[in-house]
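Mind looking over this structure? Questions follow.
For clarity, chains are labelled A, B, C, D, E and F in written order, and residue numbers in each chain start from 1.
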Amino acid sequence: MTGVVVTKIERADKEVVDGLGACGVATVHESQGRTGLLASYMRPIYSGARIGASAVTISVPPGDNYMVHAAIEQCQDGDVLVIAPTSPCEDGYFGDLLATSAQARGVRGLIIDAGVRDVRDLKEMDFPVWSKRIFAQGTIKASLGSVNVPVVCASAYIEPGDVIVADDDGVCVVKRADAVTVLEAARKREANEGSKRQQLADGVLGLDMYGFRQKLTDMGLKWI
Amino acid sequence: MTGVVVTKIERADKEVVDGLGACGVATVHESQGRTGLLASYMRPIYSGARIGASAVTISVPPGDNYMVHAAIEQCQDGDVLVIAPTSPCEDGYFGDLLATSAQARGVRGLIIDAGVRDVRDLKEMDFPVWSKRIFAQGTIKASLGSVNVPVVCASAYIEPGDVIVADDDGVCVVKRADAVTVLEAARKREANEGSKRQQLADGVLGLDMYGFRQKLTDMGLKWI
Amino acid sequence: MTGVVVTKIERADKEVVDGLGACGVATVHESQGRTGLLASYMRPIYSGARIGASAVTISVPPGDNYMVHAAIEQCQDGDVLVIAPTSPCEDGYFGDLLATSAQARGVRGLIIDAGVRDVRDLKEMDFPVWSKRIFAQGTIKASLGSVNVPVVCASAYIEPGDVIVADDDGVCVVKRADAVTVLEAARKREANEGSKRQQLADGVLGLDMYGFRQKLTDMGLKWI
Amino acid sequence: MTGVVVTKIERADKEVVDGLGACGVATVHESQGRTGLLASYMRPIYSGARIGASAVTISVPPGDNYMVHAAIEQCQDGDVLVIAPTSPCEDGYFGDLLATSAQARGVRGLIIDAGVRDVRDLKEMDFPVWSKRIFAQGTIKASLGSVNVPVVCASAYIEPGDVIVADDDGVCVVKRADAVTVLEAARKREANEGSKRQQLADGVLGLDMYGFRQKLTDMGLKWI
Amino acid sequence: MTGVVVTKIERADKEVVDGLGACGVATVHESQGRTGLLASYMRPIYSGARIGASAVTISVPPGDNYMVHAAIEQCQDGDVLVIAPTSPCEDGYFGDLLATSAQARGVRGLIIDAGVRDVRDLKEMDFPVWSKRIFAQGTIKASLGSVNVPVVCASAYIEPGDVIVADDDGVCVVKRADAVTVLEAARKREANEGSKRQQLADGVLGLDMYGFRQKLTDMGLKWI
Amino acid sequence: MTGVVVTKIERADKEVVDGLGACGVATVHESQGRTGLLASYMRPIYSGARIGASAVTISVPPGDNYMVHAAIEQCQDGDVLVIAPTSPCEDGYFGDLLATSAQARGVRGLIIDAGVRDVRDLKEMDFPVWSKRIFAQGTIKASLGSVNVPVVCASAYIEPGDVIVADDDGVCVVKRADAVTVLEAARKREANEGSKRQQLADGVLGLDMYGFRQKLTDMGLKWI
């Protein structure tokens, strides 16, 4: 399966992708039954960025970023690069030149289970990255990998065209086929939260608002 | 001992708590004989926050935040929530709704040996958190824990009503009974540092100012 | 070899040191054959700082910062302190008083394979630090170490007078004897990147610009 | 997708499964293009065990082993349990009683991306386990998970019925559909290695046996 | 509180301590409500050892083992040394000479949240150790700590005289005051397990034996 | 400096190398002023092995073991291979075929700051390895590295021809030029320990035997 670039992938509708991005990681994750999170070590290189985007996946050998160049050609406006090495690696596969190229094609950011570099430039370019490490270690161009094949990235299984939602809370993947349903659930959840937030701000306790007091008493909780 | 909420806890005087918060983690830690620090993996979700507050402790099962709701009822103005799971966990027990509720009761922040989410909202709300992880993973509400019992949180033993000091350097706990003494020592230490800082800024060497040169020579240090 | 302070060390020329600092970690690392990086856990305590400086090295016992005072006397304008404990340690060897003293002598920052504290003050002072941890744990003054001896710091071998380059991407060391050559290579590299960046921004693919398409095809990459 | 037990799964032929187990992890991994390894933190609780078996997968909540009981009913002779928590966890989901039950059904071992306990008993029972941790922390029975759904376990994507190969080198998964092909490749590889091993034992250098000397020279390697 | 040796500590009765040791870590941990475990990184230096013993606690500075000598004098037959550094450390505080001395006083083993060395000799001496690391790094003798004060060791709060149970599953602490009750509960638990084990070995499913099938169905589990 | 094989290196005398190996890691480390240890994560793949040997060093790209073949040609009886990747890697660079080849040339073992595989075979062959990981991940042969150049391996600086001592306590390096002196010091240390061990076994306390009681009292230690 190594050595292929899949040139045709399905993507979710742009509005759905954008809608999921607007809902944010925590809401989307809850709305699909608490699934889809990438490992907590995936952190943004600067705070404040939030994206919804369609995954172009890249399976790469450790320390070799040849395939990233091949992947950029497959990107279109609204995509996000998702890079997963075939064995644990923290090398800096990606820097400002690749970001310039990706941004020119409308790529919204990068998810990489390895390292990234030139982070000062990337921040200035407003090109967000969620990565395992910030590390300047250079990579080589000697071996093939694949583009747009299923990958396990930071403990999550991601297929090309899946929707990636990322913000300061981390990264979440939504199966392409579930994107519409999850968006609906997420919006319902958001709508619900407004009035709850107000009540809590007014001093109503969650114990009472959610009816937890009775349930906890029934379970045997004792106030002493 | 599981399944209890202790409703009456002693707290240190507000001025003492505030005073310790103003001194900061490094000074307070030194002033009580270099003790009380929580593990270095406890990091603030945004920089610049600093608090002194009284601990309301919560012992929680892994991945279950039921008890946090019970704990908020026990909080009063000037408190801080201290959450310790009974086994290692990085789930996101706490987000913006709980923070809204806690803030409405005057809670100054959260110390959690696990994950937190909605960090963008928490920052906007100015609700500081020191946590092991930022992670959106949702929790359930199925099992009891306890509120206001002694806990080990990030390698520190914390009893309800102990004073928590937290800033960009991390988190430190001061035994409630020692709070007054430690504050005095901390203020003395601070008073001392002003003139030292000035001398060092003027180019006086610590070697000379502290009399280290002679001691090091006596210990056998050789300049070659 | 413990218990010595080497008082005479060679340094690279100021302009060379400054030039390397201006090129930054990623470029310098590439320009010397992808060598010299310190481990990726060495992170700046605040973003945006970038330095080039000559290393004054300090070998310290775990939890003992006596030698740091001895080292500051050996510093001159344009130096950087490089602290390496003799066994793994995350204690906070260095805070605002030592920074005040170091800054008064023209020291540009600190590289420490351990902890640092008073980070809020250090940021206000504009004294950058790259460290393994932020940790307030105080240290003692009981044992000797050495100043200006070769050390292994965060997996890199560093000799006194070597050039340290540090920025948001991490930390890189350049052998003093190689500094001029590496600077030349780094500048050549930078000059090269401008036109590439423009082409990529204009939408030219790296696949074409670098001639990778043919090579990848020859290696057997298949577009399907 | 939570709350289901899939009762019918396809398995590879017994001889194929056994054959892959006999080849061992390193050979099988190489024979399928260097893919399929679980993370290196998955270690056997005692050395010397080696198995090939069909995966019965279990997706479990953190700290809750209810589903393991449901899974055992789905097992048949020649299976292996594969447990993956929905968020990182090191609790001890599995001990000697569950092993007794599993062994009674012909289960050959356990792969768990979490903790295991009673390891002394498990060793005496000759019931091998590859786990992330050895940890006695007990679990509860309060929430549903699923049995025989696809899981990501220790960074590998595993579907029910896939073949698990495990020995002192770790754990490898072979897609059920690829099992026959991989076994053939593995056996070919093994056949090849015998004569190579003999030559190397006789002192022939790999440089010469594999023709590397010329290639390395062509690449520019210099003997000095 | 630093610089004291508490010479009088209470211990649980020898038979109780021995009884708890015979029950083992997993059983004892369950029998006291799933509490008391030390962190999972505490591993035995060789397999097969199991002890119950009374804790003589030692709070030590990082890299300084002076206090261990002071502690041995406080030991009596049936004790175990429990060493906790005041900041994270992996140095080798303890080797064969200290073990010889400890063993001469009837000490049954060592629990250390740091490093140990001479592990080959310790195994030959049959002196078991549960430690965070095996590391030969030598320590100094320059600073005071304390003996028989409460410590946090590997995330567990331990007071002098508490009962330590340790085996291949790790380490568990039982409060001295609870020792008798916990032993009773542990023995009851053990008695219960015999018949269960037999039924499971005979092929009865836990689903049926424990009545889980109905409960899971009521919770909504679906067999498909 | 990449792409060279240094064919002539100096080694310490065989008897010195063997002598150091017989003294073991802890003793040798102490005898050279508590220096030279490799990081504690370097563990033997099986217990009981102990070697003294001369280092043939190999600097390798991540995931590429081409250079190991070139290195074996440079080995002679009594050597040990020391492999250090240029960026963090846990791939399995080395297995039973390479071990067969190395053993045929008299190589005594392998020190690798990465992964190793075929550990069952290596144990049967009695070819000891100290590694960061056991991991079957295969490597490629695409890029050059170097043989017999200085490397940093697991935080230790090692030059070709340095003496490696390794046993169950870990790995220690002795500078070739210091080998004779260190051996003398180590033997003196060993001679000293015999009578101490006897006294301690007889129940004499270290407090008394070493005269610590008075010193500790002078430092302010209080028995209460």
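Everything below uses one rule, namely that contacts are C-beta pairs under 8 Å (C-beta built on N, C-alpha and C of every residue); 3 or more make two chains touch, one makes a residue touch a chain.
It should be emphasised that the depicted structure is a prediction, and the values quoted were computed from it without experimental measurement.
Colleague: Enumerate, in label order, the chains that touch subunit A and subunit E alike.
Modeller: Chains that touch both subunit A and subunit E, as defined above, are B, C, D, F.
Colleague: Decide which interface, C-F or D-E, involves more C-beta pairs in contact, and give its chain pair.
Modeller: D-E
Colleague: Quick one: report the Å distance separating subunit C from subunit E, using the average Cα coordinate of each chain.
Modeller: Computed from C-alpha means, the inter-chain centre distance equals 42 Å.
Colleague: Rounded to a whole Å, what is the gap between the Cα centroids of subunit B and subunit E?
Modeller: Centres of subunit B and subunit E (C-alpha means) sit 28 Å apart.
Colleague: In whole angstrom, what separates the CA-based centres of subunit C and subunit D?
Modeller: Here subunit C and subunit D have centroids separated by 42 Å.
Colleague: On a C-alpha centroid basis, what's the spacing between subunit D and subunit F, in Å?
Modeller: About 31 Å separates the centre of subunit D from that of subunit F.
Colleague: Mark out which residues of subunit C touch at least two other chains, giving numbers and ranges.
Modeller: If we look for residues of subunit C contacting two or more partner chains, we find 34, 37, 40, 87-88, 90, 135, 137.
Colleague: According to the definition already given, which pairs of chains are in contact?
Modeller: Chains touch in the following pairs: A-B, A-C, A-D, A-F, B-C, B-D, B-E, C-E, C-F, D-E, D-F, E-F.
Colleague: Enumerate the contact residues on subunit C facing subunit F in the complex.
Modeller: Within the complex, subunit C contacts subunit F at residues 1-2, 33-35, 37, 39-40, 86-88, 150, 152, 155-157.
Colleague: Which residues of subunit B touch subunit C in the complex?
Modeller: 24-26, 29-30, 34, 37, 40, 43, 47-48, 50, 167-170, 172, 193, 196-197, 200-203, 205-207, 210, 212, 216, 219-224
Colleague: Taking the touch rule as given, give the residues of subunit F at its contact with subunit A in the complex, in rising order.
Modeller: 61-63, 87-91, 135, 137, 140, 142-143
Colleague: Within their complex, state which residues of subunit B touch subunit A.
Modeller: 3-7, 46, 66, 69-70, 72-73, 90, 92, 95-98, 100-101, 103-105, 115, 117-120, 133-138, 141, 144
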